[in-house]
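Two complexes come next, and they have one chain in common, chain A, joined by chain B in the first and chain C in the second.
Then we have the complex of A and B:
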């Protein structure tokens, strides 16, 4: 079988571009973990659900399709808040299992709602800039994937600014570092946690819309694979590490597409899991994760 | 020492109790801290000093009894509201936001004076020149002016202690609770701390000082209360307390005092 260098490079380029959506999903998992030391398993499901709401909104109102990329994230932010209130807010802080199981429940609950609402069949999702194609020497760049990349990068920059440059972001980080001291500095930790869920929800909604746009269809079958990919990205990047999630998102995207080229679609995910396994054995704290500690 | 006037208490504890699994950490404690004084709270390890501080700032609820700030019952007020009510504190085991800079640690705790509150957007997304100026002042007060942009976790131990104090001051409290601020300090640092506490008093802040370092307690307080087994056993001017027999017994004659 002849796979030459150009094919490999092209697959990696496409994968890296698509990987920016994985980076956004990974960021969502890692930020919530950073804030509460808990995993929100319903995160990717709320991202996909938001994309559906965006799609439904433009279909019902006749608004321009590009608005789905605005309405979807807003809906995901609202769903994120609902997940926080139902699965995290009132659970005892010391109970790690209850919110985990509750959010797994929310994952399948959201999934079921989507399946019932759409009779289980995939829907076409509007693509943006899919008629654009750049060529740079021998390499091609798909316009829709460039759109995905640019939108993701802008979203990440806004997120980093909020987290590191504003008092709101500092407050959420203060809560994750020293919850008692933060409370006594006048920060309501429940509110900063809710803010984290809304912010990450918006990020996830954006990722969900872009993943659907890049594939061209949206389907409830996307929720579990994206959840799993998001968790893989989070673990490889290092739980709680923001730069780790970004790097790992791109890396998983690139490797995934490379595996697709070399081993075909049926075996692709086996090798992605193998990658995860290698990390769990040789670098369990991920690329940039610190050993988990809490006082 | 300020003359006593009815209703002039900054902080009033009334029959305050806290039981942990049958251990009476604080047991029917009643005392008043007057406005503008430096009030010392001493006692052997496990006598209930830190528990009292935690009850005042709402880390956990009292089993019974009341905490009143300027006559208002703080009742079930959650910790984050107590800062707005006018209470801030330092921690015995340093609890800074290690991944934030010195400046950001102060910014987080910063509260606007009543009537000067910034709106939601300004409060969470901006910072006014006035706030920056106030933070600079607090940095100078704590001797941290040159370290504003360093991460808190990279500070030396003494500097971290000073940042703890600065962060509590940054909240513009009426009442500041200092939980063993001199722990681990050398003589010179204790002297610096003494000057800073007196400066706080000079600016009208009421101070509740929990401390083991007697040199500091005797040097800055107006009145001292002594706790043992969660109960008040002595209260008076620092000079009186030093010669009090009950206090000596509490420190020397209670080998089986519960651990802190």
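Then we have the complex of A and C:
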């Protein structure tokens, strides 16, 4: 089957829309890295776990399905706090590897808890505007993905406001820039870090719900690919850069779909990882990260 | 007045007589081992298999146990291991069970890839002293990819024969829907069963019955099993098992304008793909799925999007025995489907073989007993299945199981065609 311009444009449009979930996950990774200079590998697993909790809550209580999008992020925030306490708070600051490995352990621990609770079965996840499909000439736009995009953009704006317009954001930025100086100014760094984990957890829970809603199904299979995509977005956007993560999320979504269309599914990820290598080699600071000097 | 002595006396005699006539219950139980995916994303397969296995073992014990060579009866006992869907883990469990337990036979594993690797560590030819592979009989319930049991003479399967099932399915489709002419499809390329069955079996069967590939003939595809299978994959719109975005594939399906769509994948991506097709308003005249998707998981994940999908399956609760197994599986926290239901049949086959092969079930006869069971399995010509007789393909260790065609209707799988009477 030949590929025409409309196929290319449609693939990129769909990829950009779906990329908003990658952007949210990338934001979470980059926020934690920015605040603590550490990677939380359990982040995407917490996000999916939160979405599961949201789904379970509406299933058990009979609440309207749309509330899963509120309960999920709240649950993810709580899980994020638990991950901070168990994997970061009491780990020796001098051992950079310890929290990384602990969070990898937490990733698989959370994943297995989900698997054991659900027997690994995929479960239908409620979607908003699932049956809405806008057509503009030859092009089509999924209503649910537009909902995902709009929600993600609103979440990003709220996050930016929190970071740059509130005392909490000021404290977070202060801790990320110079912990000792921040503490001398009276900022409780551990509490600020814990708050950052809760905040990013809420963001991740929203991303988990959005990803599950975009697929229409939630499964533990989502955790590892979303973790990988989140890390790629974080690196391409520039470690610690919030606008970089947002742009990179959309870009990775778009490129991923384009590679799928042109090269097929078996080669798609080769090119996505090639994109990562290109950035690491030629622009290690990513799109908008702080300049990194080579050795 | 009722005299207690008069009541008790005959009862005591009856009990003593009964003890003399009926075989004594052996002290040692007969141990069988099961293994499958109890962790990882395919955990439901292991959960379902163990639920059915547990019910079958109870059924055997409730009916008096299994007769051994010396005339005593022994109860059946099972142990179940988690082999995930991982080749190394499955091999490790097989080695452990064969060398460290007194299990007489194994049932498992879940995944075809794990089974293919695991079967490779078994002795290829029975009695070959130069081959130090495991000498332990296996009767697989779930791993369904075509032709795996041939890897070793110790490995047997009671799994559906997909080439036969899809051949009959397309014969039926050609007859029932004469207006349908073209097909298009896709599969999970990282799953051996999904893409192997799709490219080597399903598309070939469609070709044999005159269906055309919607976007033009595929080079090398003749209808023979496996012909041009790489080209089939290259001409299809495929995905991976953990994919989350199916927009490009769904657009290709819709663009093909095929009458029939084939979705050959496991429940998670089957649901993802079906939901995407529905959103895109891609409306084929018929949907055909992979055997493994005729399960409760698809109904839990996307019943509405799956509406109308047709799948051949070797299990449906259409006989009293099958209904009973479905109920017992639910009571044990699982679901009976075409994979897990085979565990019930396997236990009954094992009982039959142990009783006919003169198994002694003593520590000193362990290896000889395992060999007797293997030899017994090899000589079986047919066994009783839950929905009909199962023929054994003796030189291959495989089964030819009866099957029906089910269709997703109103949130459940309904039987729409029963070819058992014409087999």
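Just so we're on the same page, the second predicted complex is superposed on the first by the 288 of 295 C-alpha atoms of A that agree within 3 Å, B and C clash if a C-alpha of one lies under 4 Å from a C-alpha of the other, contacts with A are read in each partner's own complex, and residues count from 1 in each chain.
Everything that follows uses one rule, which is that a residue touches a chain if its C-beta (ideal position, glycine included) is under 8 Å from a C-beta of that chain, and two chains touch if they have at least 3 such contacts.
Please read all numbers here as calculations on a predicted model, not as lab measurements.
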Subject >> Per-residue contact with chain A, leading partner among chain C and chain B >> reply: C
Original post:
Which partner does A:267 contact after superposing on A: first (chain B), second (chain C), both, neither?
Top reply: neither
**OP:** Identify the partner contact of A:61: answer first if only chain B is touched, second if only chain C is, both if each is, neither if none is.
**Re:** neither
Original post:
After superposition on the shared chain, which partner residues are touched by A:189: those of chain B (first), chain C (second), both, or neither?
Top reply: first
Original post:
In the superposed arrangement, which partner chain does A:95 touch: chain B (first), chain C (second), both, or neither?
Top reply: neither
Original post:
Is A:166 contacted by the first partner chain B, the second partner chain C, both or neither?
Top reply: first
**OP:** Have a look at where A:180 lands relative to chain B and chain C in the superposition and call it first, second, both or neither.
**Re:** first
Original post:
Now for A:14: first (chain B), second (chain C), both, or neither, which partner does it touch?
Top reply: second
Original post:
Taking the superposition as given, does A:222 touch the first partner, chain B, the second, chain C, both, or neither?
Top reply: second
Original post:
Which residues of chain A are in contact with chain B in one complex and with chain C in the other?
Top reply: none
Subject >> Residues of chain B touching chain A in the complex >> reply: 57, 59, 78-84, 88-89, 91, 95-100, 104, 107-109, 111, 123-125, 127, 167, 171
Original post:
Which bits of chain A are touching chain B when the two form their complex?
Top reply: 166-168, 170-171, 173-174, 177-178, 180-189, 295
Subject >> In the complex, chain A residues that touch chain C >> reply: 1, 7, 10-11, 14-15, 18, 112, 115-116, 119-124, 130-131, 133, 140, 142, 144, 211, 214-217, 219-222, 224-226, 253, 256-257, 260-261, 264-266
Subject >> In the complex, chain C residues that touch chain A >> reply: 37, 39-44, 47, 189, 215, 234-235, 238-249, 251-252, 255-256, 267-268, 271-272, 275-276, 279-281, 296-297, 300-303, 305
